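Per-chain numbering from 1; labels A, B, C, D, E and F assigned in written order.
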Amino acid sequence: MPRVDGRQPDQLRPVRITRNYIKHAEGSVLIEMGDTRVICTASVEEKPPLFLKGEGKGWVTAEYGMLPRATGTRTQREAARGKVGGRTFEIQRLIGRSLRAVVDLTALGERTVWLDCDVIQADGGTRTASITGAFVALVDALNHLKGQGLLSRIPVTDFVAATSVGRLKGGLLLDLCYVEDSSAEVDMNIVMTGSGRFVEVQGTGEEASFTRQEMNMMIDLAAQGINRLIFAQKEALGEIASFIGG
Amino acid sequence: MPRVDGRQPDQLRPVRITRNYIKHAEGSVLIEMGDTRVICTASVEEKPPLFLKGEGKGWVTAEYGMLPRATGTRTQREAARGKVGGRTFEIQRLIGRSLRAVVDLTALGERTVWLDCDVIQADGGTRTASITGAFVALVDALNHLKGQGLLSRIPVTDFVAATSVGRLKGGLLLDLCYVEDSSAEVDMNIVMTGSGRFVEVQGTGEEASFTRQEMNMMIDLAAQGINRLIFAQKEALGEIASFIGG
Amino acid sequence: MPRVDGRQPDQLRPVRITRNYIKHAEGSVLIEMGDTRVICTASVEEKPPLFLKGEGKGWVTAEYGMLPRATGTRTQREAARGKVGGRTFEIQRLIGRSLRAVVDLTALGERTVWLDCDVIQADGGTRTASITGAFVALVDALNHLKGQGLLSRIPVTDFVAATSVGRLKGGLLLDLCYVEDSSAEVDMNIVMTGSGRFVEVQGTGEEASFTRQEMNMMIDLAAQGINRLIFAQKEALGEIASFIGG
Amino acid sequence: MPRVDGRQPDQLRPVRITRNYIKHAEGSVLIEMGDTRVICTASVEEKPPLFLKGEGKGWVTAEYGMLPRATGTRTQREAARGKVGGRTFEIQRLIGRSLRAVVDLTALGERTVWLDCDVIQADGGTRTASITGAFVALVDALNHLKGQGLLSRIPVTDFVAATSVGRLKGGLLLDLCYVEDSSAEVDMNIVMTGSGRFVEVQGTGEEASFTRQEMNMMIDLAAQGINRLIFAQKEALGEIASFIGG
Amino acid sequence: MPRVDGRQPDQLRPVRITRNYIKHAEGSVLIEMGDTRVICTASVEEKPPLFLKGEGKGWVTAEYGMLPRATGTRTQREAARGKVGGRTFEIQRLIGRSLRAVVDLTALGERTVWLDCDVIQADGGTRTASITGAFVALVDALNHLKGQGLLSRIPVTDFVAATSVGRLKGGLLLDLCYVEDSSAEVDMNIVMTGSGRFVEVQGTGEEASFTRQEMNMMIDLAAQGINRLIFAQKEALGEIASFIGG
Amino acid sequence: MPRVDGRQPDQLRPVRITRNYIKHAEGSVLIEMGDTRVICTASVEEKPPLFLKGEGKGWVTAEYGMLPRATGTRTQREAARGKVGGRTFEIQRLIGRSLRAVVDLTALGERTVWLDCDVIQADGGTRTASITGAFVALVDALNHLKGQGLLSRIPVTDFVAATSVGRLKGGLLLDLCYVEDSSAEVDMNIVMTGSGRFVEVQGTGEEASFTRQEMNMMIDLAAQGINRLIFAQKEALGEIASFIGG
């Protein structure tokens, strides 16, 4: 069964990572996964969040948003509705946790890094693209602190990237685009490190369920895709990549 | 390494399911997993949500709350803060998805079942206890509709229950209590059906990651625990259990 | 005219007070007045509210909530609506004032006691049951502070309890259940102390009015009921009761 | 003990009722009780509230506000805080109930009358002044409907007015001004009709309690004051007064 | 073409400024421009806003509101809606900027003056009436500070007042009343000082546009009107007027 | 006095307009004015707003947002704060009015066009860039409707664009960048049509005022700049430009 955009089942969409996309931010990236485009910025605040005050360590947190017309039909702004929706909360918590898993928060010191992931065009996989892009923005921001002498090294222990896999009409597919995602029976988001360890595994049946064998095959698919994404991160970072996890 | 409450690594806490706990609700359960106590009610509304209007099918949705002093120190009410927090959104979406996976929404017809899971005492595992308890409340509410002649059968295709597993100081543990949960490096919530299929797998490293082997072992642990929870659901439901998935 | 549940006009519903209902709270009670069931917890915070900072005295405040399905048809959560309703505000202010009337706030010292009254099943009289139950939870919490050596005595000057009376089809009734309450022409909530003094008298005509004679008779009815409720509080508290108002 | 403004214990402050104060409203009044000044408007909406749709009757509801500098120190606007406070809710519910007690809602027909009571200068007793003034605005609005032929008579069954009484250093006082109110041990608001029946009795101990004898004496004081207020309403309404309760 | 109220095109409505309208406020004014009536109060807070802390200067800020029935049909309260609307924000920012333009914020010292402009009856031109009235309230409040010895002089550098002009069916009109304003093609609000300098010029086409010549003529009209308003301010202030801008 | 970026006082920053920037929207533009970058999308909804229902005409409305790190230091999201700020309201009302001034709303028919202007990088002049860019997105969306046969012509009567001018240390400057804007004494935003008519003139003294001569010179500067912006719009639109205002 051919995919809607002609890809093989185990094929990622073209990925493009553009660094230094926003001049004000300490780190900023435009990540494009096919037609999904997300601006990821990393902003450094020179104090930790309240709950870590005086603990001698820092924090990495994320916020996520979508422009109203990033989607096929216009979505009302969360600012206009006066509240952040459940899906947004879920995604920003996921992004934050994923990146904290590879940051040495003690080495980061008493500061907060805010990762803002704003989808300007959506075509499925916005949360996984956000994680993959935000990692690069985060490294750039930390490298900037190192350049200023505020850090002696980049306190990142490994690469981290994410992709989705799903089951659609019984077949398993890597990196779902929107059309695929919206009719998938099972949807799985995987976050992995450069050394092949899991940070998050979120498999969800949408009015459906899945077997253990299917789960194993989906994880295999995802692992391959994430390896390629981490390769793209390394290419984008150039020589800075060699300072990660050292 | 002995557990804080003396359990074996693969041992569930005592589970108790009390049906018909609230007289007004079509289905209602008090579920106790050790010291975690959750009131689950199922309320039937004789119309579908707006987005399903005229689609000839129904919906199952969930809300989750916690009494302010369900926890060790008092938590501010979400009503007083004026907004529902991200964690609550995440949990109520999980409960809703988990139960929809075993409901035949077309057979349910144009109605909505609201599952309210309110934690009156928390000691870890409140979201998984909510799923396990809400399933029983849902079956009771649907059986009530059948009793009124509004449904010809209980439109539930399988049992569903949930538990948590985690890695703590390197060891893997089933059904974490609060003390264990708060220092676990890895936390996994699993939702499975009576026939052993997955509905949700959510594994999360807290500033940590985990290997594929660990994931497999955690899933094995969870599957055992869920079997025992489904046994408890069947005992609680008595003969009604035989009408599920028939 | 017989009452809907067969009671005499001057008869309370069966009252049951279960102490230590929630393991985390300094004081906690499940109070049942017939089918009305309220969990009352008392939580001690070791600082006064802002407006009393440095005044050398403490504060007692209350919050009130209702589970969505405590009522005959499901009520939307105040957290989901994003605001606390007028009725809730009215009730929590009443509970707080009622208990402060019998607490020596100076002897309490610079701390705050939060009373949370959460209705898990409603059948009329939830605000008066909340006051009656919260009193016991409060005493337990203060006794706990005494046990820790933080207070030299329980700074409570008298017992306090509450009940409702009403006029229904011209007859006067004590302790209205929901069916009675919803068709009463006049509704009165009375809060009294163990020594027979009034703390609150709130009589309200619902599109109706009442004479002075009726008011006097309603107060007589309420006074009898409150005496019996205070007896139930004393029984529940056992020997601790003897330390009140000493 | 002389009062702060030289009044006798049983003496009202000067009352002044100015009708037709706002040109747009169907009924509008400026009521002055000493230095307390409240603008009361009655606005007619030609449909009932949702919960009365199709019931063949109308509704009277009230909202209450205070200008930021109506008080001795500036109070933050509720609009700026983004929510209506508990005290405001309590007051507007009281005003609404008080007026509904003397309106024949069936004769009013399927319409809503909104009473807006806005305090432009506060010196105690704003809620009771609001009730007393809103009554006159309501009668004017209903007379306006009668003048337009939309009502055959003014569907008001009796006069209604309100005042406060309190206990201050043991003495009982009528119509408390702000200085008296803020140090009163007991505060009672009474709403009575022209025929001497009670609509609301709200007696409250502020960290204090009161005896039955005190309550009776306070009610006597209030009743005298309310008679004089109803006299003032009649004078203000002129010949329209004769159409009330006929 | 005669105006709806018989005025000449270049004629202001009658203006009346009543000082000391609210007894609690340091400065307070009732300004009436025809049927538009606004209560303006100036409240002094003895600390600067957060963003000026330690800067050695003060701030002047404004809030604006409208009673629900100030308008022809009842408007819902912003407090009840839970948020301040865009129009209100626009107006209160305009009032604040207009008055800051004539205040020496350094001479004011580390304090905040809050100007509250509350429309009790609206008939067009409420924002310009607010500016004109608030100026007088501000001067009174600052004169009060001077009287207390907290300021050595009134730190106001010039008079400031405002009016509207508009194009209606091609003709240019000064000081639009509501009927004129709501059908004007072009609406311009001008804020000018006593020495004829501009503080704000806001010209807006409502689904229309205007030529440069029209703009010049509208400004000429406005300048005349503002001169007369400043004359009214001087009359109201009496001898205090001579201390402005000295 | 040379400008911070070396421009002449009457020189615009480089302007670049990229059409079809977001694939989902009926019209979409990335506009760059120097380092200010705004995504403008036009979304067509096939129904008018409520207040125009059944009036036989349409509406054009705008919303405005800024990514958190569009600015030099991170700005909190309005969604996270739970409300839209005053500045945002002001800007989105300005954009909407500006575009409605050149749209024939009757010819548009019963539909709504939503213009979303989201600043991804800010360096002053975001509101004027939004207007200039949104115009092109609007034309594209209307041309799209024409292409679908839903409109017989593009119902736009003229071009419209906007720029800012300001007084800085006494000198007058066109198209202020952020550094200039933040220290300008006077700030003026002008919206003009292709035929040289004004749609909006908003001149504001920031704790300052300006003379009539200065205003005239600022308008001259702005008019030149707007001519050049409209030239850029025409270049971007290509042959579609010839269908405007025909």
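Everything below uses one rule, namely that contacts are C-beta pairs under 8 Å (C-beta built on N, C-alpha and C of every residue); 3 or more make two chains touch, one makes a residue touch a chain.
On a predicted model such as this, the values are computed, not experimentally measured, just so you know.
**Student:** How short can a path of touching chains from subunit A to subunit E be, counted in steps?
**Tutor:** Minimal hop count between subunit A and subunit E: 2.
**Student:** Could you check which of A-B, D-E or A-F has the same interface as C-D, with more than half of the contact pairs identical by residue number?
**Tutor:** Matching more than half of the contact pairs of C-D: A-B.
**Student:** Starting from the mean Cα coordinates of subunit B and subunit C, work out the distance between those two points in Å.
**Tutor:** Centre-to-centre distance between subunit B and subunit C: 33 Å.
**Student:** Provide the C-alpha centroid distance between subunit B and subunit D, rounded to the nearest whole angstrom.
**Tutor:** Result: the chain centres lie 51 Å from each other.
**Student:** Could you list the positions in subunit D whose residues touch two or more of the other chains?
**Tutor:** As it turns out, subunit D has residues touching two or more other chains at 82-84.
**Student:** Over in the complex, which subunit C residues touch subunit D? Could you list them?
**Tutor:** Touching subunit D: residues 83-87, 89-90, 92-93, 97, 100-102, 105, 158, 188, 193, 196-212, 215, 219 of subunit C.
**Student:** For subunit C, which residues count as touching subunit B in their complex?
**Tutor:** 22-25, 28, 35, 39, 41, 43, 45, 63, 65, 67-74, 77-84, 88, 114, 116, 118, 120-122
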